[in-house]
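Some structures to go through are shown next.
One chain, chain A, appears in both complexes that follow, with chain B as partner in the first and chain C in the second.
Let's look at the complex of A and B:
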């Protein structure tokens, strides 16, 4: 069978993803994550009597904790494959990528396994963030002062 | 009202990410990196602060807030200590997310077994 014909056949029988449905799910789940974050900020600042800025730090820690914990229990992979970007774009996706890399390389030991591979997936976020923040920070300092 | 704005903003960011994921060959890693860069670009010109005022937690939950907090920490330290602040203060505000992610990953990594 020649190559193009084979490609056509594969395209014909591979399952088609419904992009509209995916987008809608991502929108709703992502939006609910936003509401959940705001709810946590309100709850923390109301019950612990702390300023909103500290409450948002607690909110981020809570979401990271939930992302790590649910990944360990095995729920989060199923949730991510359902909601896709709805859970990858929020900070839970960052926690999920670190936790799954850590678990995956656990058998190679603490130093060469967990330590060396912890940032395998999440490192790109930190690298891009720091480099872009450095460049834009210098740019802003040159243009606008502080 | 802030809850509605939070829903709208976080949902829109995730929708844009999903559209990019479905229509190009970029992986989720590319998309999160792209959003961090967009977040720091928006914050470098004071745009992201308005989003945070307008939709609160909705703007802090997506990964764009990571770039926003990096620039914010750097700029706060620059205003106090001069240009070297960009090196010493960049992680001031993001350290909560990074440290908690490392600590929880380590502790849970010791306790739990990997699943497939």
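Let's look at the complex of A and C:
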């Protein structure tokens, strides 16, 4: 059997992923994360009497802490398997990817284990993030002039 | 390449299972069960060594033998440099042949051992294999705690270790014949669908085995493939029909048997070198001794996955080996 014919056979028996359902779940959970983040900003700026800009930094610190903490307790991977990109795309997912890789290599030493593998998943995010921020910055400057 | 054997017997088997396997349908058939992934050690790799050592000890205990009675130990696992085997062997202390053939390691070990026993080079040998879900995830996929979403066709590496004791002394179950497969690659690049990558190699090995021995598929009471999973099993049956015109009615796949697929989060079923031995050594072996099944063909399927090669956009080659076991009544 040639490769293309076999590919058709495999496709015939491989189940389709329910993209609409997965997308909806991610949309709802991601939206709830956004509301939670906004709530944190409002609470911090109202009760601590600080500017919104500072409050949003506090919000990021809180979410990163929560992501790491729940990963350490072993809950976050189960939440991710359910919510999928709803929790991976926000800042919690970034914290979670670093923390899970760090936990995985904890027993292999601080330098050769944790240090070397901490950015195993997050490295790609940083690389893509920095490059796209640079490109969009240029675009924004060319279009809007600021 | 098919061999026939005259005086090789399977005298004892042992199983050590992890937490998910022990909650599966064959939970009560396993010799020893661990309820956590660390098995009293500090890391997953060391846990796998622990289970391998336990399975060897268990096989020796059940066969009422000492380590010095065993001529040779053949063993393999999934981790890089087959570390579980090498480190376990340092404390087991039996002369070792370490082998790697991904998930088809168990049957390859049985074939090597049977050939040596049949030629009277050794009197007996232990064949072991092990795998660990978290150890395999760490090496081949993402960090365990990351829990990234997987597709329905992905399989769940079984945790455990299993050993077989082969001997030239007459026993109830005879190793009758074996076929060594060849590497087959039909262009599957998806490491989340390894059943599809392995099905053609399983089909080839079964076909070659039946052809070399001039047998029909229904000669066997049960043809047991290794770890194709729910979808791979369907692909194998259809492929077998189209390519070789063989109907597999007496076939099952251990990936679909080892877990409770409806209630355990294992996607398309189990996988790993220990998947087939765990099912065979616990449930099927007992069925053979009870006389309910007399001829079994074990076809261990191995996807020779390398993350570097998959990242280089190459497809996943696979290999399967088969061994035929029969109940003999002439000695008892």
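In this section, the second predicted complex is superposed on the first by the 114 of 146 C-alpha atoms of A that agree within 3 Å, B and C clash if a C-alpha of one lies under 4 Å from a C-alpha of the other, contacts with A are read in each partner's own complex, and residues count from 1 in each chain.
Basically, a contact is a pair of C-beta atoms (placed from the backbone, for glycine too) under 8 Å apart; a residue touches a chain by one contact, two chains touch by 3 or more.
Not measured: the values here are computed from a predicted model.
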- request: Kindly classify A:40 by the partners it touches after superposition: chain B alone (first), chain C alone (second), both, or neither?
  value: first
Task: Tell me which partner A:3 touches in the superposition: chain B (first), chain C (second), both or neither.
output: second
- prompt: Is A:84 touching the first partner chain B, the second partner chain C, both, or neither of them?
  reply: both
Message: Quick one: is A:70 in contact with chain B, with chain C, with both, or with neither? Answer first, second, both or neither.
response: neither
- prompt: So, A:14: does it touch chain B (first), chain C (second), both, or neither?
  reply: second
Query: Does chain C touch more residues of chain A than chain B does, or is it the other way round?
result: B
Task: Determine where on chain A the residues touched by chain B overlap those touched by chain C, and list them.
output: 17, 22, 71, 74, 84, 88, 97, 99, 103-104, 107, 121
Parts of chain A lying in touch with chain C, wherever the complex brings them together: 1, 3, 6-7, 9-10, 12-15, 17, 22, 71, 74, 76-78, 80-81, 84, 88, 96-97, 99-101, 103-104, 107, 120-121
Field: Contact set on chain C toward chain A in their complex
entry: 42-43, 138, 142-149, 151-153, 186-188, 193, 196, 200, 231, 234-235, 238-239, 242-243, 265
Message: Applying the document's contact rule, which stretches of chain A touch chain B when the two form their complex?
response: 17, 19, 22-23, 25-41, 52, 56-57, 59-61, 63-65, 68-69, 71-74, 84-86, 88-91, 93-95, 97-99, 102-104, 106-107, 110, 114, 118, 121-122, 124-130, 132-134, 136-141, 146
Message: With touch defined as at the start, can you tell me which chain B residues reach chain A in the complex?
response: 2-3, 6-15, 17-19, 21-23, 28-29, 31-37, 40-41, 43-45, 55-63, 65-67, 70-71, 74-75, 78-79, 83, 86, 90, 94, 96-98, 100-102, 104-106, 108-115
